[in-house]
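I have a structure here, written as structure tokens, and I will follow up with some questions on it.
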């Protein structure tokens, strides 16, 4: 069984790659059929993934390796590794990936670059699966960049729009900033620990090799996660990334790719466990992000922007969870979040598809027009808000419990506040979109079945995905991820978080249904805060004024420096050379050459006389020659 | 070795040049055919060398040694090892592709291809020569046709660019000649033989001075900051195929010099100067990246990106470690392929739009689909996307250097970031955004252009996915070289 | 026998005289066509001298090549280029007198030198047969022989190119 | 048989006549004719020496053959040049052809 799985595991990432190749080369011929190629490949991957996960569930670890780089004495190996962590991600990626490919068939219908879209999806799935199955940090880094580039392509998919092109670039470059740190981290770990294989970087290993440099490496590695998972302060790319098609937002920027950062931190959990200072940095960043994202989401009016900030906030949750040591809870939340956030995005996509706008202020009252979308969306909203027994409740509660029980009061308090805000803005979204009166001018219609079926399947997961980690199944999930971790359910905390969520829903109901004029009054009352939220805490402006400006200034200045000074020196030395040669030339002409010229003048005068002999008539030459011969003959016989 | 394959490799283009010179100048088609056939044969020969190469031997192979000038103990000595092999294959490949890309040359076709073939001889000779004297001869042989190729077939400021290139490199090679002579007169017995010279243990002070002299010669060719300013001018003014050769092969001659002469013969000097080289490399990487970011001329941008990328090679060299030097050699190869492709792409665009001003473009992604695909692919390679060759090389360089110069390497990582910035900015300015109505009529890539680009793309992808393909050739030689250094 | 020898001797001197006369006419006659015909006379005379000197093969070659070949060429050229009948054109340039003096001086010199030189005359006069010449050509002189062949081919091509008309040039 | 001297006198005279012609004629073909005469004088000399003094008599005659052959070749080229000059300059008088003077 295990042997079998180690063969199958190699096929999982490559099937979508085949889809990519087929679509990129034959996309024109395939037309709309290209979607089915990608769908078939991703579904096969899903089936294979299930076959591979089965032995993992029973405790096996599947690994295959081969040499990739050789240098001097050593070699870097690549391969595929399926352990519990990877298995969860594998499940999430292939399952959601297939559903979203299915959904995209409806959403992207009629797009001029239809096949290109599915090619990119195939490439993304390949990269993401490669990332998930990586055996070491170098391999993960490679696929890390690859998913980044897929994200770049897909954000900029409608590249005729300048905003889309800019957003893609911004995403890629922001990620690169994190990746530079990531790379330095890898290098530090490589030289500090001598290995980058996940299977070597165990808890025991760090117990024996407790060097400060490894802690620093942990911080640098976390930079990668900050970039990819849109954590503070590199979160700015994710809201802009919503310029991409909505299925892309769902797949890449909600469910899978952005979770890669969390996955990385979870992979390196032994490292952070061994270095509490690094872990606390992780926790602080995570908590900050969770609150900040939720705060900004409060005022966003674009339906996808709200979800984007919500994603940032939820990712902050997961990062914070791992930072405080609740790795299994973080992964649990990652899984549940993937399902309900994908559902939210797809629902939002369905709404956009049906109405043609993204602005919530124009929506309202869509419940009747789009019942399937509305119901599934509501499920997901309940899940994210943390209402029992939906999936989000169990995972979020798990994190809060851990924070509370392991004495992280600040983290606990902030996360609880974030949970309140989450429930509030999510229901604000629901109320503004689906309830009340329609404010815009359009005829909303329900999306086709190819889009609603994935919604329903995801809705099922949004409800059910929480149970494996709930007390009903004895926290099976946590035990699977991290065997031996003691997880206790705390009924009081469950009550507390439920009450917080419900009260937030109540507030939202009051503000947006009962008294629609309330929000305006509140914003008037706390204008500075509202402005801060509306302007996303001015992150873009600050970066624009500092980092971007600095780079532009440096580029311009260095170019000038290059032209004027470095090149100037070259040209200057040439000019000095010319100048010297001119002086020399003068001396030469009038002094040195004067003497020469005198000789020359004499020569010229003489020659102007002798020149007369040079008639050009051959006879004269011959005659002179003849006379010469005669003279020679006379000379030699004398 | 009965068949003197290396000699053929070096002098086949010279024969081709003779054949071209004997062809009447009206018969342009035949001239092009001759040049192409010769270049193709050259490529096949290089592949044959690849087949004949023994993977487990880090030393010189297929050597051909004949006494040339007995009075000076100069030999005609050709040979190949894991360091020169990738360069030879790269040269042969790029020569063939640039030759095909040269079909667009309109005036004085005969002279062009004659000089072009002479250039090939010079380049291959430089990479294959194992005698310092012979090396210097070939090194200078490259200079002359290059001068004419830029100066006659170049852009508006061709005279300036050509003379700058010529004088600058000539000044450098004079220092190199001084260094070579110093080595010759100090060695016992007096010899130009590079392999024999490795056995000479020169005094430390002597090594430092000579290393500096050689460094100047090579640094100008690479070019290392601050000796790089001839590069943008020469690149911008040279015709497209010549830019390809210039960036793809000529720059590599400089770093190859370090691998072949400076490092093995003067290990002490190398160790002494390596930190400074590292610093210069880091400056070059960051500086080149920033300046590239400020460019509006597509070709100039690629030229400055070359400064940045060649900085990585120097960084790898400075590390004196197996991984860093392997990476440096791989980067030489990869940069040759990728920048060659980039220049071909710039040329293709210039042929259609007659401008290289980046701000004039936009939205070409919707007009020229194949072009867009290739440009994105190559840009991704250039900015170091994993799965393409640039990444592997830069990764190995940085990883190999990190242990020795952590701070310099950390700073150099900014270069990777900058590469992303300027390449993506370029892609955006050319391909993305709304279509400028002026360019709606542009045609997509022709079959010939795709033919010149496809091999480069395949090579870069193959190396990126499975670097051992090429690393297995290089590693034994690099290991031997590192052995000499320590 | 004595008489016969005397006659033949006289004959030789007659040949000499005729040849020299022809030569003089060839270099002085105004009409270049006539001069060419006088050259033919001279050449035939020289051929006769060859026969007298028992170099029959050479004599034959002389007649075939010179008289048959070169003369025709010369005459053709004359007819192609010059207005033969034009008598107003002076024959010589204005240096014939110094040249004449110089030539006479040279002749004087030759005569003096021929007289002064102690010739080592063989006891038996040699006779060379065509067979010997042929054998020598393909053995001792094989290399110059081949070289001559090459030169002839080159000259053939060169002459054709030189003499090709301008219209042909423009066409190519 | 007549003595060697006489033959030599004869050939010298022939040579000097040729020389005179070569130096004094204006007509290019005239010059060519004179040159041919000089070559013939040389040939006569060769044959005479072959008969009277040569160690290997055949060599002199072979030389004479070479001279005749090359003279013929030279004549052909020269005449072709004459034609070309005539075509381009419309003259074949040497005092009118002074391209050599630059």
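As written, the chains take the letters A, B, C and D, and residue 1 is the first residue of each chain.
Assume a contact is a pair of C-beta atoms (placed from the backbone, for glycine too) under 8 Å apart; a residue touches a chain by one contact, two chains touch by 3 or more.
Owing to the predicted nature of the structure, the values given are computational and were not obtained by experimental measurement.
Across the two interfaces under comparison, A-B and A-D, the one joined by more C-beta contacts turns out to be A-B.
Averaging Cα atoms per chain gives one point for each, and the point farthest from that of chain B is the centre of C. Distance between chain A and chain B, defined via averaged C-alpha coordinates, is recorded as 33 Å. If you average the Cα atoms of chain A and of chain D, the two centres end up 95 Å apart. Once the centre of each chain is set as its mean CA position, chain B and chain D turn out to be 64 Å apart. Per-chain CA centroids place chain C at a distance of 6 Å from chain D. Within chain D, contacts with two or more other chains are made by residues 19, 23-24, 26, 94-95. Listed for chain C are residues 93, 95, 99, 102, 106, each touching two or more other chains.
Residue positions of chain A touching 2 or more other chains: 617, 619, 623, 626. The complete set of chain-chain contacts reads A-B, A-C, A-D, C-D. Contacts from chain D toward chain C in the complex involve residues 1-2, 4-10, 12-21, 23-27, 29-30, 32-34, 36-37, 40, 43-44, 47-48, 50-54, 57-59, 61-62, 64-66, 68-77, 79-84, 86-87, 92-95. Those residues of chain A whose C-beta lies close enough to touch chain C in the complex are 617, 619-620, 623, 626-627, 630, 633-634, 637.
Across the complex, chain C meets chain A through its residues 93, 95, 98-99, 102, 105-106, 109, 113. Residues 9, 12-13, 16, 19-20, 23-24, 26-28, 32, 35-36, 39, 42-43, 46, 49-50, 53-55, 57-58, 61-62, 65-66, 69-70, 73-74, 76-78, 80-82, 89-93, 95-96, 99-100, 102-104, 106-107, 110-111, 114-115, 119-122, 125-128, 132-133, 136-137, 140-141, 144, 148, 151-152, 155-156, 158-159, 162-163, 165-166 of chain C are the ones touching chain D in the complex. Every residue of chain D that touches chain A in the complex is listed here, in rising order: 19, 22-24, 26, 94-95, 97-102.
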